[in-house]
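So that you can tell them apart, the chains are marked A, B, C, D and E in the order they are listed, and the count of residues begins at 1 in each.
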Amino acid sequence: MNFSYYPGCTLKNKAQDLDRWARLSAEALGIHLEELETWQCCGGAYSMGKDEIASKLASVRALQAAKEKGQDLVTLCSACHNVLKQANDAMANDPDFSLRANNYMALDTPYKGETKVIHYLELLRDVVGFDNLKKAVKNPLKGKKIAAYYGCLLLRPGKVMQMDNPENPRIMEDFIRAIGAEPVLWANRNECCGGYAVLEDKAIAVKKSTAVMDNAADQQAEMLITACPLCLYNLTKNSASETRLPVKYFTELLAEALGVKE
Amino acid sequence: MQDVNQFKPKIVAFCCNWCSYAGADLAGTNRLQYPADVKIIRVPCSCRVNPMFILRAFQRGADGVILCGCHPGDCHYTTGNYYARRRMTLLFSMLDYLGIEKQRTRVEWVSAAEGAKFAATMNEFVAAVTQLGPNKRLEDLRCKN
Amino acid sequence: MQELMLAKAKELLQNGTVNRVLGWQAGEFVYDITPAVFESEQDLDAGFVYNEFCGNNLSKYLIKESRKEGKVLAFLKPCDTYSFNQLIKEHRIIRENVYVIGVPCEGKTDGETLKSKGVKGILGAKSEGDELIIDTLYGEQRLSKRDALTARCLTCKSKKHVVYDELLGEEGEEVPENHRFEEVEKLEAMTPDERFAFWRGELSRCIRCNACRNVCPACSCEKCVFDNPASGISQKAAADSFEENMFHIIRAFHVAGRCTDCGECSRVCPQNIPLHLLNRKFIKDIDAFYGEYQAGEDTESRAPLTNFTYDDVEPSIVYKGGKK
Amino acid sequence: MQRIGVFVCWCGSNIAATVDVAAVSEALGHEPGVVFSTNYQYMCSEAGQNIIKNAIRDYQLTGIVVCSCSPRMHEATFRKTAASAGLNSYMVEIANIREQCSWIHKDKAQATEKAIILGRAAIAKVHLNAPLTAGESPVTKRALVIGGGIAGIQTALDIADAGFEVDIVEKQPTIGGKMTQIDKTFPTLDCAACILTPKMVDCAQNDKINIFAYSEVKEVKGFVGNFHVKINKKARYVDATKCTGCGECTEKCPMKKIPNEFNLGLDNRHAIYIPFAQAVPKVATIDPNACNMLKNGKCGLCAKVCSAGAIDYKQKDEIVEREYGAIVVATGYNPIKLDDYDEYAYSLSKDVVSSLEFERITNAAGPTGGTLLRPSDGKHPHTLVFVQCVGSRCSAEGKGKSYCSKICCMYTAKHAMLCREKYPDTEVYVFYIDVRSPGKNYDEFYRRAVEEYGVHYIKGQVGKVVPRSDGKLLVQGSDLLANEQVHIEADMVVLAAAIEPDKSARPLATMLTASMDTNDFFTEAHAKLRPVESPTAGIFLSGACQGPKDIPDTVAQAGAAASKVIGLLAKDKLTCNPCTAHSDEMMCNGCSSCEKVCPYGAISYVDKEFRMPNRTTAIRRVAVVNEAVCQGCGACTVACPSGAMDLKGFSNSQIMAEVDAICKM
Amino acid sequence: MSKYDREQILRTSGVNVLKCMRCGKCSATCPSYDEMEYHPHQFVYMVEKGEIEPLLQSKSLYKCLSCFACVERCPRGVEPAKLVEAVRLQVIRQQGMNHLKPDDIPALLDDDLPQQAIVTALRKYSK
C-alpha cells in the first residue's frame, strides 16, 4: 500500500533515526511511504491567528500535493502532524481562511481539506492493525516496562487531531503491547516537556522535563518512547531528574522488534 | 374631514387561541389602539392555518393576511408553531416568487403577555399594506385578456 | 434494451414470478407512447416498446396495479424510481406486489421537441453517445442530445436507480452538477414586477384540464380537495379567475417536500406552462432553508413539511431575499 | 338551514359607548338564517342569560351568536346557558366586540361597522357548526410507576394511600435506587437507609402495591386511562415465591469475584447474590453471565444448599401484560462515565473516585464498613481534594453536559463536613466554580462546612492530578482569588461527576410517545405550570428523569405526580375535548403525513375494506384519530393534502366561511 | 488604541471571551503558570474588559508553550492559547517588535537542538 509521506525538517537533520527506522519498518510491514517531492518546512508550530495565511501555505501545499496523488498523507514528527492536521482542518472548516489560502494557491480546483492526514501511529493502528503488527514482530521486547510519552502536540487539540482520547489515550500503549513490551500508565504522559521555549528559557524546559521524567521513573518505567524530536531532546538534555531513563523514538523499538534495525 | 376615497385595507389576522388571541385581548384590555381594518379569526393553533385559508382571503378581497402564534418553544401543543413556521416560510417565498408583494403576508409570534406588541404589529402591518394599495396581483395573476 | 426487457418480462411471466407487466406501448406514431399493462407474452409481442420516447413515469400506475391480485412487473427508469420510493413511503404502493426492474435511461426525447427542431416524418430514434440518430421518412437525421432531449432530461438529477429488485443494463451515476435550479434562479433575480409579468403570461394560458394533476405521482389523492364539495374550495368550473391561481399554488404546496422533480407536470401540459418551476422553487427553498432533501431518495426520512428543527428560519427570511 | 339567534351585549358602557349596539343587532337580524336578534345591558347576567334561554325555546333556535367580550371570558358561560335550554353547547359562537373592537377603537361608526362584520363572521361559522358531544373513555383504575427509586417509591405510596392499585417496575433486583447507595442526606445528615428502607418495606407490604423487580417495560400501547403495557420479568433463576432471602446460597457460591454493582465495583459479590441486606424483595438472583451452572452446566451448589428449593436453573423470562390508567416515569439518573476526564487520573489511580463511590466508601454497609479508607491500600487518607463540576456546565460543543447537575455542591459540602467530623486529622479541600446552595437550610449547611468544620474552599478548578507511586496524588489547581497555582499532595481525590438521565429513558420515551429534550431529560407539559406532567396525556414525571434533583425536590415532585395520577384515577370516565380531528376515510390516502405531525400520537392506521363501484371491494389504509388522545391543535389538517383530515369546531369550511364573511364587507 | 487592539485580538484569535465562566481550569492546567505574570484566565478576563495594554507589555506572551492544555481542558471551549497568540501577534507584527531575531539564534544553539525548536521559536517570537 502506498502513502504520501511528509518527513519535515528535523527528520532530515537531527532526527534522521526517527525517519530511517520508520521507513524500514513500513517496508517490512508492506507499506510504501512516498516522500512528497516538494515538501517545505511546516514551521514547527501552527499559527493560531485566523488571519495568518502565509505561514500556513507550506502545509496547504503539502496537503494539495497528496490530494493530487490521491493518497493519505502520513506524518511522523509530532509537530508536523499537529500543524498539518490543524491546517487541513482550517481548509475544510474555516471558509474565510480557505478562501484566502486558495486565492494564494491559485489552483484549478480549490483545496478544501480533502486529504486525510494520519500519523505513523495511526497507520500502525488503523491500516496495519496492532494485531497484525504483533504477528509481524520477530524480536518481541519481552518484559520491558516502557512509558509512552505523548507530549502536547500529538493529541491536542483533540477535536482537530482526532487521533485518540486526549486525556486517556491508548494508541502508544497498544503499540508497546504489540511489540511485546509492557506499557506503564502514568499521568504526565500528555504534559508538555517545555517545548521550543528551551531556546531562550532553559529553566522552563528543565522544570517541565524533570517533572515528566520523575513521573515516568516513579511509575517504574525503564524507558520512555516518543514521536517528537524536541521532546526527546528536552527529556535527554534538560531533565534534572535523578533518574535518567533512556528516551527513544518509538520507531527505533518498532524496527528492533521487526528485526529490521541495522 | 376624512378623505372618503382614502384606501382602507381589509386585513385578516389568524390568531392562535392560547397566546396571540389572548395577546389581542390584552391589547384591548389596555385600550391600545390599532386600525379597525384588522379582523381576527380565532384558531386553536397557528398550525391549524392552512395556506388555502390565506389564499381564500386574498381571493375574497383581503389586502393583507397576518398569522400570529405562540413564540417558538411556547406552543400550547408543544410543536404546532414549528410546523406553521415552515409552512408559512415556504408559502410566502412562493408568493414572492410569483411576484406578489411580500409585505401582504406576515407571521408574528405574540405571547399572551404581549398586548403592546400585538397592537404595534397590527399598526405596522396595516400601514405597510395601506402603502401598497389594494391587492390586485393575486387576482390578476391569471388575467385573461 | 427493448429485447432484453421483453425476454426478461416473458421469463418472469412464464415462471410465475409476476402475472402482468407494466410498461410502455407505442401508439399510432412511434413517439406517441402510452403506459400499458401487458398480461401475456402475446400482448408483449404485440405492443411492448422501450425506446427514446418512453418518458412517461410509470410509478403512479402502481398505486392501482399493486393493489390488484398477483404481482406486477414494473420497468422503472432512474427518475421513476424516486417517485416509486416516495409512494412506498406514503404507503400508496404495496411493495411486495411489485417486481421492479431498473432500466437505464440516457435522457428521453419526444415528438414535440424533435418537430421543433425541424424533424419530420419520425419513424424511430436511437441514442449514440452525445447524439440522437433519428430515422425519418426522409432518411436519417442526427441531432446533438442538447437539442434533442426534453428540457427536463437536460437537467437530469440522477441516472442511478434508488430502488429495484433487479437491474438491466449498466447502472448510471448521480448528476451532481445538474443546473436544475438555474431557471428558478433566473426568475428570482428578476424584479417582482417582471416575475409577476412572467407568471401572468404563463398561468393565464391554463385551461384547467387537470392533466398536470392526473399525471403527477404525488397528486394521487383518493379525492382531490378541489373536487370535494365539503372542502369549501371545490371548483366545478372556475368561478373566478382567482381559482386557477389558487389551484396551482395549492397544488405545488401539497406536493412540496414530496415532489421528486420528475417533470411530468410540465411534460403533459397542453399549454406548455412550465409548472415544474413552481415545484422546483419549493425544492430549492427547502434545500436552502432546511438542508438538502430529495424526495423519494429513501422510504424512511421525514419529509421537510412534516418535520422541523428548533432553530428553523423565520418566515421573515422572505423579506430578506431568502438569504440565511 | 340553521335558526340563529343573535345577542348583542352592551357590557354596560364598555361596548355600548363605542359601538351602536342597537344598529348591530338590527343589522345582524337581517342576516340569512337569523330569526331573532336583540341587545341587552349585560348578557352574562342572570337576566341576560334568561333572554338567551327564552329565545332558544321560543324561536327553536339551532344556533346562537353572542356579540360580547372575549370568548376567553364568557364562552363557557354561554355554552352552559345554551345547554340548560336544551341547545348543544357547541352551537354557540362568540363575536368578540369588546377586547377586539370597542376597547381599541374610538370612532363609533368604524367600531359599529367592525362589530357587524365580526358578528357576520360568527353567524357564518354557526351556520356550519354541528352539535358536538364530548366523547368519554373509561379509566383503568391502576397506575404504573416505571423506576423504583425514591421518586417511584414515593409516588407509588401516595397513589396507594389514596386507594388505587400501583405497580412498580424496577430493572434492578431490588427497589430503592440511588438512595440506597447514599450514606447520609443533606442538609440534615439523616442516614439515607434509615429513612428509605421503611418506605421500601411499606411498598412491599402495601396490598395495593405490586412490585415487579428485575423487570423492564417492553411495550406500551393505548392512551390516557387505557394503557396496555407488556412487562418483561427477567429470569432470576430463583423462585421468588419460595426464596426466603436467607443468604445461604450466596455464601456457598464458588464464583465470588464478580464486581459488585451495588458498591460500584469497589468489592466483589457472588454469582448468586442479594444486592444488600435490606433489599426489597429480598430474593436471591443468579447472574447468568457469571454462573457456571447456567454457562456450562457445572456446579449446582446453590440448588443443593437451598433448603427452600427455590433455585430454578430453567427459569425463563416472563412477559406480563397489564392495563393501566396512568403511567409515571421515574427512571432517575446516573453519574456520567469519567473516561474523558483523565486529567484527574480517574483511570490511573484507585484513589481518585467519583462522589457516588465515595458514598459507598463512607457507608457503614459499604466495602469498608464505613471507615474512610483509601481503595488502593486500605490506609486512612489525611488529605482529601474534592473537585466540583466534573462534566457539568460545559459548552454544548464539548464533551460534557451543558447543565448544572444541581446536587453536587450540597453533597460535596456534606462529604467534606463528614470527613472533618469523623476524622479531625484530615485536611479537606474543595475546588469550586460557584457554590450553588439555594434551598431551605442549604447555604447555612455549606457555611457550616467552612466555618465549623474548617473545610478549605478554593475558588478555582483542578487542572491535573498526578498519582505518585508512594500513594500521593499531586493535585495541581488554580486558586483564582489568590491568583496562584496551588499544588496539593492529596491522599484521595473525589470527583463530583455530572449526572445524566438513565440510558433506558430514551427508548422508554419512544414507547410512551413522551417528548424529551436534547439531554434526554423528559419534557414537562409546561415548564412553570405543569411541571409533573408530560405533554402526552396520562404520562407523569417523577424525580430526576425530568431534570437534576436532590431528594427533597424529588420527593416533592413524586407527591405532586401522585396527586395528578390520583386526580385522573378518581374519575370513572374521561371527558374528551370534542373539538378533535377527524379523518374522512373515503378521502384518506393513508399516507402517514398527519401521523408525523401529531404531537400526541393520536393517529393510527387501519386497513379497511371499501366497496367499489363494480361490486368489487378494495382494501385501503386509512387514518383513525383516537379522540381521547387528540387535543385538537389541527396540525394534521394542514399536513393532509387531500383534506380528509378536518377539525371539529374549527373545520376548513367554518374557517373559510369566517374569512369570506370578513372579506365580503 | 486599546479598543482597536481588543477588536483586532478578538478577530485574530476567533475567541469568544464571553463563553468564559471563570472556573480557572486553564490556569490550573497551565505548565508555564509560574513563569507568567498574567495567567491564561487573566488573558481572557482582561481582553474581555479591554485591559490590553498590560498584556501587550507582558513577558507572559513569550512563556506560553502552545501546548493546548488549556484549549483541551476548558469546559466552555474558550481556547485561551489562541488569545495569548493573538496578543503576541499584535505585538510582533509591529515594526521592530520582534522578540527573537535570527541573529540571536547562533548563540542559543547546541549540537543536539532539533531544527524544530528553532523554526517554532522563530514563528512564535518574530515576524
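Operating definition for what follows: contacts are C-beta pairs under 8 Å (C-beta built on N, C-alpha and C of every residue); 3 or more make two chains touch, one makes a residue touch a chain.
Quantities reported herein were computed from a predicted structural model and do not represent experimental measurements.
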item	value
Set of chains whose contacts include both subunit D and subunit B	C
Steps needed, at fewest, to go from subunit A to subunit C via touching chains	2
Interchain contact steps from subunit C to subunit D (minimum; 1 if touching)	1
Which of A-E and D-E has more C-beta contact pairs	A-E
Farthest chain (mean CA position) relative to subunit E	C
Rounded Å distance, subunit C centre to subunit E centre (Cα mean)	60
Whole-Å gap separating subunit B and subunit E, where each centre is the average of the chain's CA atoms	54
Centroid distance [mean C-alpha coordinates] between subunit D and subunit A, Å	50
Distance between chain centroids, defined by C-alpha means - subunit B, subunit C (Å)	36
Contacts with two or more other chains, residues of subunit E listed in rising order	69, 73
Numbers and ranges of subunit D residues touching at least 2 other chains	343, 464, 597, 639, 652, 656
Residues within subunit A bordering two or more other chains	167, 191
All pairs of touching chains, each written as two labels joined by a dash	A-D, A-E, B-C, B-D, C-D, D-E
Subunit A-facing residues of subunit D, complex	339-343, 345, 347-348, 464-469
Interfacial residue positions of subunit A with respect to subunit E in the complex	8-10, 13-15, 41, 43-45, 47-52, 55, 77, 79, 152-153, 156-158, 166-167, 191-192, 194-201, 203-204, 208, 228-230, 232-233, 236-237
Of all residues in subunit C, those that touch subunit B in their complex	184, 187-188, 192-200, 203-204, 206, 225, 232-233, 240-246, 249-250, 252-253, 256, 278, 281-282, 285-286, 289-290, 304-310, 312-319, 322
Subunit E to subunit D touching residues, read off their complex	19, 21-30, 33-34, 39, 41-42, 69, 73, 75-77
Partner subunit D, residues of subunit A touching it in the complex	165, 167-168, 185-188, 191, 215, 218-220
